[in-house]
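Lettered A, B, C and D in written order, each chain numbered from 1.
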Amino acid sequence: MKPLNIGLIGYGFMGRTHTNGYKRVNDFFPELKHRPILKAVCGRNEEKVKEFADQWQYESTESDWRDLIARDDIDAVDICTPNNSHAEIAIAAAKAGKMILCEKPLALNPAEGEKMVEAIEKAGVANTVWYNYRRVPAVTMAKQLIDEGRLGRVFHYRANFLQDWTINEDLPQGGAALWRLDAAAAGSGVTGDLLAHCIDTAIWLNGSIKDVTAMTETFVKERMHNETGKKEPVTIDDACAFLCHFQNGSLGLFESTRYARGHKALYTFEINGENASIRWDLHDLHRLEYFDHNDEGKLRGWRSIHISDHDGSQPYMDKWWVPGLNIGYEHTFVHQVADFIKSIETGETMRPSFRDALETQRVCDAVLKSAASHTWKNV
Amino acid sequence: MKPLNIGLIGYGFMGRTHTNGYKRVNDFFPELKHRPILKAVCGRNEEKVKEFADQWQYESTESDWRDLIARDDIDAVDICTPNNSHAEIAIAAAKAGKMILCEKPLALNPAEGEKMVEAIEKAGVANTVWYNYRRVPAVTMAKQLIDEGRLGRVFHYRANFLQDWTINEDLPQGGAALWRLDAAAAGSGVTGDLLAHCIDTAIWLNGSIKDVTAMTETFVKERMHNETGKKEPVTIDDACAFLCHFQNGSLGLFESTRYARGHKALYTFEINGENASIRWDLHDLHRLEYFDHNDEGKLRGWRSIHISDHDGSQPYMDKWWVPGLNIGYEHTFVHQVADFIKSIETGETMRPSFRDALETQRVCDAVLKSAASHTWKNV
Amino acid sequence: MKPLNIGLIGYGFMGRTHTNGYKRVNDFFPELKHRPILKAVCGRNEEKVKEFADQWQYESTESDWRDLIARDDIDAVDICTPNNSHAEIAIAAAKAGKMILCEKPLALNPAEGEKMVEAIEKAGVANTVWYNYRRVPAVTMAKQLIDEGRLGRVFHYRANFLQDWTINEDLPQGGAALWRLDAAAAGSGVTGDLLAHCIDTAIWLNGSIKDVTAMTETFVKERMHNETGKKEPVTIDDACAFLCHFQNGSLGLFESTRYARGHKALYTFEINGENASIRWDLHDLHRLEYFDHNDEGKLRGWRSIHISDHDGSQPYMDKWWVPGLNIGYEHTFVHQVADFIKSIETGETMRPSFRDALETQRVCDAVLKSAASHTWKNV
Amino acid sequence: MKPLNIGLIGYGFMGRTHTNGYKRVNDFFPELKHRPILKAVCGRNEEKVKEFADQWQYESTESDWRDLIARDDIDAVDICTPNNSHAEIAIAAAKAGKMILCEKPLALNPAEGEKMVEAIEKAGVANTVWYNYRRVPAVTMAKQLIDEGRLGRVFHYRANFLQDWTINEDLPQGGAALWRLDAAAAGSGVTGDLLAHCIDTAIWLNGSIKDVTAMTETFVKERMHNETGKKEPVTIDDACAFLCHFQNGSLGLFESTRYARGHKALYTFEINGENASIRWDLHDLHRLEYFDHNDEGKLRGWRSIHISDHDGSQPYMDKWWVPGLNIGYEHTFVHQVADFIKSIETGETMRPSFRDALETQRVCDAVLKSAASHTWKNV
């Protein structure tokens, strides 16, 4: 078993999910020849980063990411910082020859993203972006079904990601906990945070997006800012919706918001094809809904496929428990670590790559520009 | 179009549902050659029976059922009175050569039921008992699927009928509105009222029941009686559950209660066969759930079949609207009237017949005796 | 009981649903002082219209709608013809002083609609348009909850109406059965047929729509035309989606299509407010989903309200059966007839009126123009 | 951080779930002062046990459980062997002063169980039995709601555990993989394997069971035996159902089977109280269904509570991710390890204890005896 020395930058929510992925992957994927080693975690607040290192058993800590990248004993750098530092860190890490696993969205905008892709491809280092929902077993199966041609010509793709956690006007913005509400740190609001997930999955399942017409809204116009201590204008989009055409001729509808009372993380998508349709919902991530028009007439109906009742033909469920017993959200990160290690071992390109994530970034950019200009925009 | 002159005895809840069936059947089953004519309705309270006749357009009223049966212009007698008068009325009607449509349960007990069957078969008159749930389109389709052999060997049958309307201790018992809470009028509580439905469907779908072990309970021991004006012991079973063996070797589980908070009329059944399983729920009566083990492995799942999306192979849905548009509870009675008229026109025996209902009565009787004696009872 | 003499023009699917409404209303709404009388039905094919009249018990037939309107014994004209004749018939009927019940959409376009409203208001005749989904009990309850202020500030409204019946390329267009696929007869495709329902409900529940950006698609470009016998270009929109702003500041998303495999009549809407959210689905029309943020924290969840379990505070369910027992699609038309008769008896304006339907027509028009021009359009 | 040295005996399915619990507990419960150390795993097949030790990072292996118990460096013995060795191992471990975590069911029968409880209580060692479903967060919340008195008087408790994995007659019995089909190793079939879970939860939530009437069935009478290589009679119960009375006066219905086509691990329970009802289903373990009769009349409905949307008042969910993001089956074992360690640290009795598990054993025994004798049995 060879070590794969991990250096984690940022230890927030995503730092936890990734770390859990590193620690568990060999228990469940014994065929791997590498074991991730939690070499170092990096954060500016020394006390907090040590606390995190203690809890999760990192061997050491750093307070400056440049120091972490400079270390010889780090093989792979995992970027879990706010979006406005992804580019600088990733480019430096690429130059240092490190493998890179970067949180989504790739960057603040396509211009940054292009530089990152250029750097990484020039350095030739292994890379991936954590669009983890591709590796929900039910979503992976949707991809299989589409690749097997079961849907036929696709007519419609619709997706939304609905949350409700920012309705309260007293919630502040900015700072370590709430940088997602501050466009300076996040680049955008729900577009980069939530729609980016929907777009990544959509491109993976249904191909490229051609053009978009979008609408954004900021429902709460001012919030206390954690860094200035004053009420400041809210700079992000609270909600974003867009219509689009896919290259394959199908129509797309996308929506995300943090103002949909009653939904915590309702990421759903549905694809309607000539022969079959598929839908999925993160709230019940272990089920795939499937309608097959080729079923016998009187017995046609949406099937609720409990993904644990697998037949061994999909890559993840036979690693876990037995039929009927669910896995959850965190497992998507274990799967992504497993596939990343496999890509190292086989030499195949890990997906989604930085280049894949750049395409998603470009769609996000077209969406934001369409909303700002009230016109259709090509991607 | 020939007239089928109806004489209705009793004008409570079931009087309404049957009358609606008579009035609507020719609009939706134009192939029928008979039209039900609402000739007379009979009830002891002259004012109320006239009010009912006015609302529903009956041509005349009677206050004594013997007078109604004596009329030459009545072809079919419909018995919607409390259970303790079914036998006397049905036997008299049979002697008068009338067709008979009798509310369920057939009688107070098997002894009464046997006399009724004897009378009706001796008279050779058309007859049926209103076990209307056989004619919910989804239930009818369950029967089709079973008859087509899709389930294979059956292992399990379970059914329940759960309500919650008698939890309140202040609810009185007895009288016109609440005779169902008085064993003198009803024969039993939930066993005859609710379980009888479950048993009729079960025998129809899965064959005869061999033996039972049962448990009953009366949760509220005393209630004000509407006829005496005093608190009296409650004589009915508030809840009843039983285990049984079917003749085909499968195991049965049945339960009914009026104390299941949150359920209004949760009549559900599920059948587990070697190759496929079926389940259904009256609360969503337009759906049939179906699991087929012969489906491709990774795509196995319970299908939710919206019964309106039919292929024309079942007898009722193409009479109504278009796919996606539901029918409801009352339509089962329209279907039963349609099938009754068809049986007259074709000479085929209408099911469920009095004889069918007698078998259900015998199971109810075995259940009540098992509960009273704490022993298994053969049917 | 006073007669309300009905003259029905057109006897297709909607002719059946309306007629059923007229025939059943007094059985279930005994407080009404008028009884609809099926005086005459009108259609160009004399044989077929007589057959319809026989089945449904109309007293007479006409083959020219002008003759029907000219009859003194007709109080109310019900227009169930293809959309391209609504305006001419309605204006003539108004001039003749008849009450008018018109199928939706009101007209081919707003210009026609304005003339109709002008005619009807000048004549001062009772009028309504059959946007029947307002009178699904669960939808009516949604309106109650909103009017009671339970949602607070509304952020999002989304609706779709998904069908799948035109995917087959061999389906022809035009003629008596398929005029909905011919823009000359229908005005538009899914926009007027399906989205119009969504828009009517939305305006009723959430107020006026300010501006829209839309996208339409015709997936099958040519179909055999029933009238020419040749392949002709398809002139309707097969699918239509739009984003919009409501006057109250909320964002709207609407979609309809006849190419959503697996959905027969999936009319759904969801409204997200500050304090509560509501959703509803025509496939399970007897349920209203409700989320109340004011519920105790750990017990918050979407409630599935079985509309039959009512407390008497809504206008329809206590007319029918008992809790747990469903009504269906056709009952919405009975309700609309009942409310129309009540409006005659009380003098209150019946809703939706022609004027209400004109607003919906204007939104449809803006949607179609936005899609054609690829720009945002004000309503 | 103090070590808690674990010695695991048996490394099958349960060996994996427990080991995962030990390895993850400190990542998510940082307040614990002990860290489980995977000191040794014991199994008779030396090659396989070493492979397991390698995969899961156990420090050493043993091939005789007596050697493991004899080791000074083991604090806690975890028994994951077939049921027929639980008693001998547990009694020896107690004598050796080890803490004991024993897989369920406790023993082959109550006589064995009594000796085990006696040994463990005499030794005064910490102990628990892995009835893990108590620690599904939704089930834990059900317990909270009941303890808060929200249900009022309880009328009904029903539970079932339905699987379908032994329908195939070609499946053999016995040996390492299929000892659950051999009564010599397992004691019973579904009664000890599945119903025991239902009974443990039921007693925890609803109190003791007084008497039972039961029915068992063996659908496939002979199977190839892995140890003899010949067709042998099947000695276990394939299915078991029973009715019962609880001490609190409520009625119980329980069923389990491995012949319910379409169900993989459908463990469900429902409790109907005077004021509220609760239901839960392992297939969607992250949801609790709740009906509260005290809700406003027109808004009463079953709530689907997504357990991730917690308010911090329950003990587990705030350890994991954020609202909307599910955990799964394996987390119940992490919770049980966490609570076991807390019990060591606080001195409070860990539940379920051996004594608790003995009560469940007694109910199982009464069930099997009732089925064999066709009579009611007291527990």
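Just so it is clear, contacts are C-beta pairs under 8 Å (C-beta built on N, C-alpha and C of every residue); 3 or more make two chains touch, one makes a residue touch a chain.
Only a predicted model underlies this, so the values are computations on that prediction, with no experimental measurement involved.
*Asks:* Please identify which chain has its centre, taken as the mean of its CA atoms, farthest from the centre of chain A.
*Replies:* Ranked by distance of C-alpha centres from chain A, the top chain is B.
*Asks:* State the pair with the higher C-beta contact count; candidates are A-C and A-B.
*Replies:* The greater number of contacts lies at A-C.
*Asks:* Using mean CA coordinates as chain centres, what's the gap between chain A and chain D in Å?
*Replies:* Chain centroid spacing, chain A to chain D, equals 36 Å.
*Asks:* What's the distance between the Cα centroids of chain A and chain C, rounded to whole Å?
*Replies:* One centre to the other, that is 42 Å.
*Asks:* What is the distance in Å between the mean C-alpha positions of chain A and chain B?
*Replies:* Here the centre of chain B sits 55 Å away from the centre of chain A.
*Asks:* Could you list the positions in chain A whose residues touch two or more of the other chains?
*Replies:* Each of 263, 300, 302, 306, 309 in chain A touches at least two other chains.
*Asks:* Report the topology of the inter-chain touch graph, choosing from line, ring, star, complete and other.
*Replies:* Drawn as a graph, the chains make a fully connected set, so complete.
*Asks:* In the complex formed with chain D, which residues of chain B make contact?
*Replies:* 155-156, 158, 162, 164, 167, 213-215, 217, 219, 239, 241-243, 245, 251, 253, 255, 257, 259-263, 272-277, 291, 293, 302, 374-376
*Asks:* Of all residues in chain A, which touch chain D in the complex?
*Replies:* 13, 17, 19-20, 23-24, 26-27, 30, 55-56, 163, 165, 263-266, 282-286, 306, 308-309, 320-331
*Asks:* Can you name the residues of chain B that touch chain A in the complex?
*Replies:* Residues 141, 144, 287-288, 290, 292, 295-306, 309-311, 313-314 of chain B touch chain A in their complex.
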